[in-house]
Each structure stands twice: as structure tokens, then as C-alpha cells.
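In what follows, chain A forms one complex with chain B and a second complex with chain C.
Up next is the complex of A and B:
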């Protein structure tokens, strides 16, 4: 299929359709309204259903029910909307339901603003809702990658019977870039029949019950062990990242994800022109996090710079990765303000000159 | 080689459209492109702008702080983006609606009476096409015949406006080229 110029939001919607998603439940919120808008006219074309629910709470529980029937389902929202969905997300994780959740992050806390942010990293990767659960979290840096990760996300959700979150920011939702969909795309996992799905009991197979309530503590502990084993498997098999310039020598290693890594890649080119050697590692899976890869990439560097559109959230995982072996510096913007390549360059130069203060380990 | 431009004006002037057409042309030419609209809280009739990046390598930041070119279609846009143009860059001013030029002496300044030309061509809504042509003429970010093909494709459902828009595009292009020469 030829390349199309698409908005990130539209590409995410089309990617879901290409992946066999026929059901979408959502509630509008900027800056991701083009996803439900796209689904509202696209899904009827393929015999699917789009529902604009009365609230995010409602949409997410519709998602729970539809996923329980074994269909491929998706919802999308932005930060405050995801917070409203979080109870149902915990239930979906507990009931082992494969769903794809898209969070096009905007600035917070509270209603915050509508401009890009990465301040929901903790919420996405460390739980968000109650109970010991994990989402598999994937963070695209381009429209093409957003489309690819959505399609992979459906396969991963089905394979692990676990919610997958696509974590983008307002830029990913709003910008247009060329996208290509491959008609002959194969699932990235060997997918089994969904015998667990509640599709109506006819006596030919065990009763399927979608449930996250286990009143017997021993049973619930066993269920938790099963979930944890699944997260361990994800940690073993699903780590994704990319490195840039790590084959050469470098003094500074930049760690950034999503569109911020794009900004840093521009800064790297300009730094190279100024004779400063920097490399970058970009986590794509935020859970599971590429601890080992970051540790290795930092080997050659004198210092590590983490850049985020937040007060510093991923930096906690980078600190876990480095275990105090390298000085870590941070540059962050908040409130919907964007980091610019110039700012990143300036920060790298300050680190080189010994003028930047290391992030405290206390 | 990278070309980047911020195109800005009133909502309704067709700014986002010419930005998309420029990005689309770049993609058709096999280049890497991105198009990023401003999506802050704006009211109807307020300002609209988009950033287009066209490059022969993967596009880094889709948001540009110091663009190589700015197309200012109204005064608020000129006021806002004039200081941001990169040294040696291009500032295209729609002189039909903006009655001042720029005092900067470290950039190229191109005055284009986009709306007057469009009126002259009896295509009153074609000011954006004049501006697009002038930008392409002075930057050569993409070939003009490729833009022409995109104009035909974009307006294929309104064939009556195609010729008028292509005429506006070429008038702008000539102005842009002359300014470079």
C-alpha cells in the first residue's frame, strides 16, 4: 500500500481497524478527538460499532464487557480521561482482558491543559489503579511507529491476555506524517483461540467467566502469582528500544522517549557539528523497561542526560538502571511547554563544562 | 538537506491547507515530511499556524523554534514569528494585509501582495495559493510541477477552482523566484 499523509490520531484509528478492531468505546477529550472521530465513520464501514459513551467510566466498562467476549477492542483518551478509566483498567488487568488503550498525554495535574506532556509515565508504568498489575506500555516517536505499535499492541494484548497501553503525547496525536500499512502483515505472536471468552455457554467447553473477584485469599494469591509470571515473561521477551550513535565514542548519553527523543535527535546532530559527542537510547517499551540496555549504553559515557516533558518520572527507572554508577542530569519541561533542540544542546554543553548539577540521589 | 517553514495567518485563510499540500508534495517526491498544527485554545477567526518540515533524512523535531522560513499572512503572525526566523532565513510577508515590512537585516524579506494578486486573478480566496507558490519559488523545497499535481488532486472534487488556483500558485512562484535571483 502506498504511503498516506495522516494525522497521528487517524493513523492510530486505521491501525486498529487493520488489526481487526471492530469495537470502539470512548468519550471526547482534546488532543485525541480525531481518534474517536475517525472510528465513528470508519467502523460502520466494516460492520463494526462505535459508541460515544456518556463518560470515560462508562466507556471503559463497555470495553471490559466487549473484551470479555473475545473481540478486539480499543479506547483512547487523554490524561484526565485515562484517570477516570483507571478503575476499569485495574479490573481488566485482574480479569486478564486483552484491550488496547491509547493515552495521548496532555499536561496536568487535574484538568491541566491541552498541550503535549509526558507526565503520565508513572500512571502508565507503575500501576495507576489499585492492585499489583502492570500494563504493557509502548511509546511511539512518529506517526508510522504509532500505527505499527497499535497493530503489535493488539497481538501482544491477545498473547498475554493483558491490557496494552500506547502512550503518546499531544504531538503524536496532532501531527501529520507519511504512514504505510502493510496488507500482508502477520501477527507478531502465534495466537491461540480465545477459549476463555464469554460467548455463550453451549455445554461443549468449560464455562467462561470474566472475573477479578477472588474472595478466598489463597486463590487470589495464586491468581496474583499467575499475573506476576506473565509480567516476568513480558520483561523477558518484550523489551523494545533503539539506540542512536552508540556505535561510536561519546561523552554524554541521552535517554528520552516519544517525540522528545525526536527533539533530542535534532540536538545530537547540531552537537556533532559543534564537536560534542552524544549518543541516545530511546526506550520504546516503558514497561517492560530496558534497564540492561541503558546500563550498557551508559558504559562509554561520562554522564547521562534524561529529557522528559515532566518533572522527571522515567528518570527513576534510569536511576534504577544505572545503580548510581554514572552521574545523571535532567532537563524537563512541564505544563505543555516543549523542550527544544537548543535547550537540549545547552544542557549537554553545561554538563560537559561541569556547570550542570547532577540529579540528587538522596 | 532540510527545509522547514512556519505558515501562519487568520483561521480561514487556508494556511493549514497549504501546509498540508506542501507536506504532501514532499512525501510524493519521496522526501521525509512532518506537518504540525498549532492546536492551542483558539477562537473562531483567531490565528492558525502550522510547521512543515521537509527533509532528505528522517525528520527530527517536528516543532521548530528557529525556522528557516516563515510565511506571515497577517500582522499578528508577523509580530509573533518575525523574531524567530533563523539567521539567513526567509520571511515572506503578505503585504496585502500587512502594512509594515521587517526591520531585520539578517534575513531575506519577501513582500508578496497575496490577496491583491488573488483578486486580480478573480480568485479572491486564492491568496494562500499565491503564498504557497512564493514560498516554493524562493525555497525550492519541492518542485513546482509537483505542487501543481497536488493542487489538481486536492481540488479534484471542485474542478472549477483548479485552474484559478494553479494560476495563483504560478504567480506566487514567479515572485518567489525573482526574489531569489
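Up next is the complex of A and C:
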């Protein structure tokens, strides 16, 4: 298929369709309405179904039912909507259901605003809802990567029987870029038949019960151990990141994800012109987090700069990665304000000049 | 040649349930299982268990099942039915689950006309959590969170789900039945059969509200409970078919005065 100019939201929807997703249950919320709108006209073309639910609570529980039937299913929302979905997300993680969730993050807390943010990092990567569970979280920095990660996300969800979250921001959803969908794309995992799905009991297999309730504590602990083993397997096999300029010498290592990393890459070009040597590492999988890769990339640097559209959330994982061995600095914007390449350059120059205060180790 | 006239329904698991003595969940489970058998749809029927007394229903039916979060069974049913329209999908819910926390889900599931069946068991109280006030608790009825009886000035009047849902314009089958005496149970099974048949024929949303006893949390013995149900619940929750998909709607019934307060002894 030739490259096509698409809005991020539409590319996310089309990627799901290309991945064999025929079901979308959602609820309107800015700034991701283009995804359900796209699915509402696209899915009927392929014999699929779009349902506009009465709430995010309901949409996410519809996902639970559809995923429990063994079908590929997706929803998308934005921060306050994801908060409402966390009930069902916890149930889906507990019941081991494969779904793809898209969070086009907006600024919070509360109703917050409708402009881009990365303030849902904790919610996405540390669980979000109740209980010991993890989502596999993937953060794209371009429209093409968003499309690729959605398709990979379906394979990963099916393989691990776990919800996968695509964590983007308002910029990813709104910007237009060329996208290519590969016609002969093969699944990235060997996918097994979903014999666990509840499709009707005919006596040829054990009864399928989609469930997260285990009243016996020993059984529930065993179930939790099984989930934790799965998360450990993800941590071993699914870490994704990219490095920029780390083959050369550098003084400053920038850590950023999503669209913020693109701002930082522009800043790096300008810094190079000014004779300041900086490199960047961009986590793509936020859970599992590339701790080891960040530790290695920081070896050559004198200091590390974390840039986020939040008060500093991923920075806690960067601190875990560096274990206090390198000074860490932070630049963040909130409320829907964006970090500019100039701001990032300025911050790097301050660090170089010893004028930036490093993040304190509480 | 002999013919079996009574046997355990194949759709019911041969296990002991956790239900209290005098509770009618067991009777209702059996009737649902019998209908699934009778309609010949066992191999393509999916049940959804609620949060509440019937939370473990998935252990009692010999069917594939989903366990839903509190009140969300109609949303889960929607998800399954839209994904697999060839499956028969029923949600089994209590009054706290359906009429309180899941009020939005049931209204919109019915209003979209999802071709699923809801078995709604109304015993006018929260059973599993220990006898708290439900949206269906009668005026003056004592519960652990309204120890002096339901005060309609503070808690409003009990919600009549069957009547409320039957006001929706979308075609549906909505009925209310009771199983506290054999003759009522026969009637209830007819309602359930009609509800499941509408789904089998791909006609419409269907819901049967079934009045049930809760001797444990009402604080009265089983035999008195059936009497209490007949005297107090049926006048407020009249039985019958409220709506059929062909537009045959029941005329609204006159609202009766509030019942005399019930005092647990």
C-alpha cells in the first residue's frame, strides 16, 4: 500500500481495522473524537460493529464482553474517560483479556483542559485501577509509529492475554503525516487459538468462565503469581526504545517519550550547531520500561535531562534506572502547554553552565 | 416404554449452591436452565453473573459464563452480543446491581434494543452485603442502612424497573413475575420462555423482573417471607407483561398507598 496522508486519530483507527479489529465501543471525549468517528463509518464497510456507549464505564465493560468472546476489540478515550474505564481495565487485566486501549492524553487533574499532556504516565504504567496489575504501554512519537504500535498492540494483547495501552497525546491524534500500511504484515507473535474464550459450551472443552473473582485467598494468590510471571515475561521480551546520537561522545543525555521526544530531537540539532554534544534515548514501551538501556546510555553523559509534559512522572523511573549515579535535571510543562525546542536548548545550556539545579533525591 | 417427565436440566450444574434457605434464586436458576434446554440453545448460550448474591452463578449453570463488575452486566451483554450475534446472551442481576449502580447500563441496553435477555431478581434489599437499603426497598421497610424504615422524603420511592423500562419507545418485551408459590412460578417460567424466545427469534431486548424473598435479610422465616412478599411487594410491584415488541403495552396501573412499615421481629 502506498503512503497516505492521514490524521493520527484516523491512522490509529485504520491500523486497528488492518489488524483485524471489527469491534469498537466508545464514548465521545475531546481530543480523540476522530477515532470513534472514523470507526463509525469504517467498521460497517468491513462487516464490523461500532457502538457509541452511554459512558466510558459502559464502553469498557462492552470491551470486556467482546474480548471474552475472543474477538479483537478496541476503544479510545482521553484522560478523564480513561479514569472511568479503569474499573473495567482492572477486571480485564484480572480476567486476562486481550484488548487495545488508546489514551490520547489531555491535561488534568479533574476536567483539566483539552490540550496535550503526558500527565497520565503514572496511571498507565503503574496500574491505574485497583489490584496488582500492569498494562503493556506503548508510546508513539509519529503517526506512522502510532499505526504500527496499534497493530503490534493487538498481537501483544493476544499473546499475553493482557490489555495493551497506546499512550499518545493530543498532538499525535491531531497531526497529519504520511502513513503506510504494509499489505503482507505478519503477526509479531505466534498467535494461539483462543480456546479460553466464552463462545458456548458444547462439552468438547472445559467450560469457559471469564472471571477475576477468587474467593479462596490461596487460589487468588496463585492467580496473582501467574499474572506477575506474565509481567516478568513482558519485562524480559517487550522492552522497546530508540537512541539518537549515542554512538558519538556526548555530555548530556536527554530522556523523553512521545511527541516531546520530537521536540527534543529538534533541540539536539540546534545544540549540535552550537557545539553542545547531546544524545537522546526515547522509551517506546513505558511498561516494561527500558531501565538497563537508560543506565547504559547515561554512562557517557555527565548529566541526564528528562523532559515531559507533566510535573515529572517518568523521571521516577529514570531515577530508578540511574540509581543515583548521575545528576538528573528536569524540564516539564503542564496544563496543555508544550515544551519548545528553544526551552529544551536553554535547559541543556544551563546544565552545561552549572546553572540548573538537579532534581533532589527525596 | 417409559418417558422421563422430570429430570435435572442439562444447563444446570449438579452442585450445591450457597443460597440461604427460603431464597428463590435456586428456583429461578432452574427455570432459566430449563428454558435454555427446552429452546435447544445450550451450546450457544452465554450467561453473565452480577455482583450480589448471584455472583457465583457461573458455578451453578453448565454454560459458558462471564462474571461482570457491579451493575455492568448489560454492557458486558452488549459487548458479547455485538461481537457474536449468533450467541444467546443473558444477564442475571439483582436489584442493587441493576436498579442502583447499574441503572445507566440497563436503561441504555434496553433503549438500544440489544437482543439480549435480562433476568432481574428483585428482593427489595441488598442481600450479599448484609441487608442494606436498595432502590427497590419498600417505603417503611427496615434495612441496615434505614434502621427506622425507608423514609421516602429522604430516599424517594422504590423504583419500578419494569414500568420504567416499558416507557422506552424501543420495542422490547418487559414483564414482571414472582416465584413465591407454584402457580406464580408457572407464570414466571412462561414469561422467561417468552423473553428468551424473542431473543432466539432475533426480535428485541427482553427483561423479566422476578420478585424474590430474602428471609435472611428481611429477618423473618421463609414461610412468612412468601406471605410478606405477596402482601407487600405485589401491590407495589404488580405482575404481568408491561410491553411486547408489537406495541401491545399494558395500561398504567394506579399507584397504591405506601405499605405499612415492616418491623423485623
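To be clear about the criterion, the second predicted complex is superposed on the first by the 362 of 362 C-alpha atoms of A that agree within 3 Å, B and C clash if a C-alpha of one lies under 4 Å from a C-alpha of the other, contacts with A are read in each partner's own complex, and residues count from 1 in each chain.
The rule is short, and it goes like this: a contact is a pair of C-beta atoms (placed from the backbone, for glycine too) under 8 Å apart; a residue touches a chain by one contact, two chains touch by 3 or more.
Quantities reported herein were computed from a predicted structural model and do not represent experimental measurements.
Enquirer: Where does A:338 make contact in the superposed view: on chain B (first), on chain C (second), on both, or on neither?
Expert: In the superposed model, A:338 contacts chain B only, not chain C.
Enquirer: Based on the superposed arrangement, let me know which partner A:171 touches: chain B (first), chain C (second), both, or neither?
Expert: So A:171 only meets chain B here.
Enquirer: Once chain A of both complexes is superposed, is A:125 in touch with chain B (first), chain C (second), both, or neither?
Expert: A:125 sits against neither chain B nor chain C.
Enquirer: For A:83, using the defined touch cut-off, is the partner it touches chain B, chain C, both, or neither? Pick first, second, both or neither.
Expert: neither
Enquirer: Using the superposition described at the top, determine whether chain B or chain C touches more residues of chain A.
Expert: Between chain B and chain C, the winner on chain A residue contacts is C.
Enquirer: Determine, under the contact definition given at the top, whether A:32 touches first (chain B), second (chain C), both, or neither.
Expert: In the superposition, A:32 contacts neither chain B nor chain C.
Enquirer: Scan A:103 for contacts with chain B and chain C and give back first, second, both or neither.
Expert: It touches nothing on chain B or chain C.
Enquirer: In the overlaid three-chain picture, which partner chain does A:263 touch, first (chain B) or second (chain C), both, or neither?
Expert: first
Enquirer: On chain A, what residues does chain B touch that chain C touches as well?
Expert: In chain A, no position sits in both the chain B and chain C interfaces.
Enquirer: For the complex, give me every residue of chain B touching chain A.
Expert: On the chain B side, the touching residues are 20, 23-24, 27, 32-37, 39-41, 58-63, 65-66.
Enquirer: Residue numbers of chain A touching chain B in their complex, please.
Expert: 3, 5, 30-31, 114-115, 142, 170-171, 174-178, 259, 262-263, 265-266, 269, 338, 340-342
Enquirer: Going by the contact rule at the top, pick out the chain A residues touching chain C in the complex.
Expert: Chain A reaches chain C through residues 23, 25, 49, 51, 53-55, 57-59, 61-69, 71, 73, 87-88, 91, 95, 198-202, 207-213.
Enquirer: Can you check the complex and tell me which residues of chain C touch chain A?
Expert: 42-46, 48, 55-56, 58, 62-69, 72, 75-84, 87, 104-105, 107-108, 112
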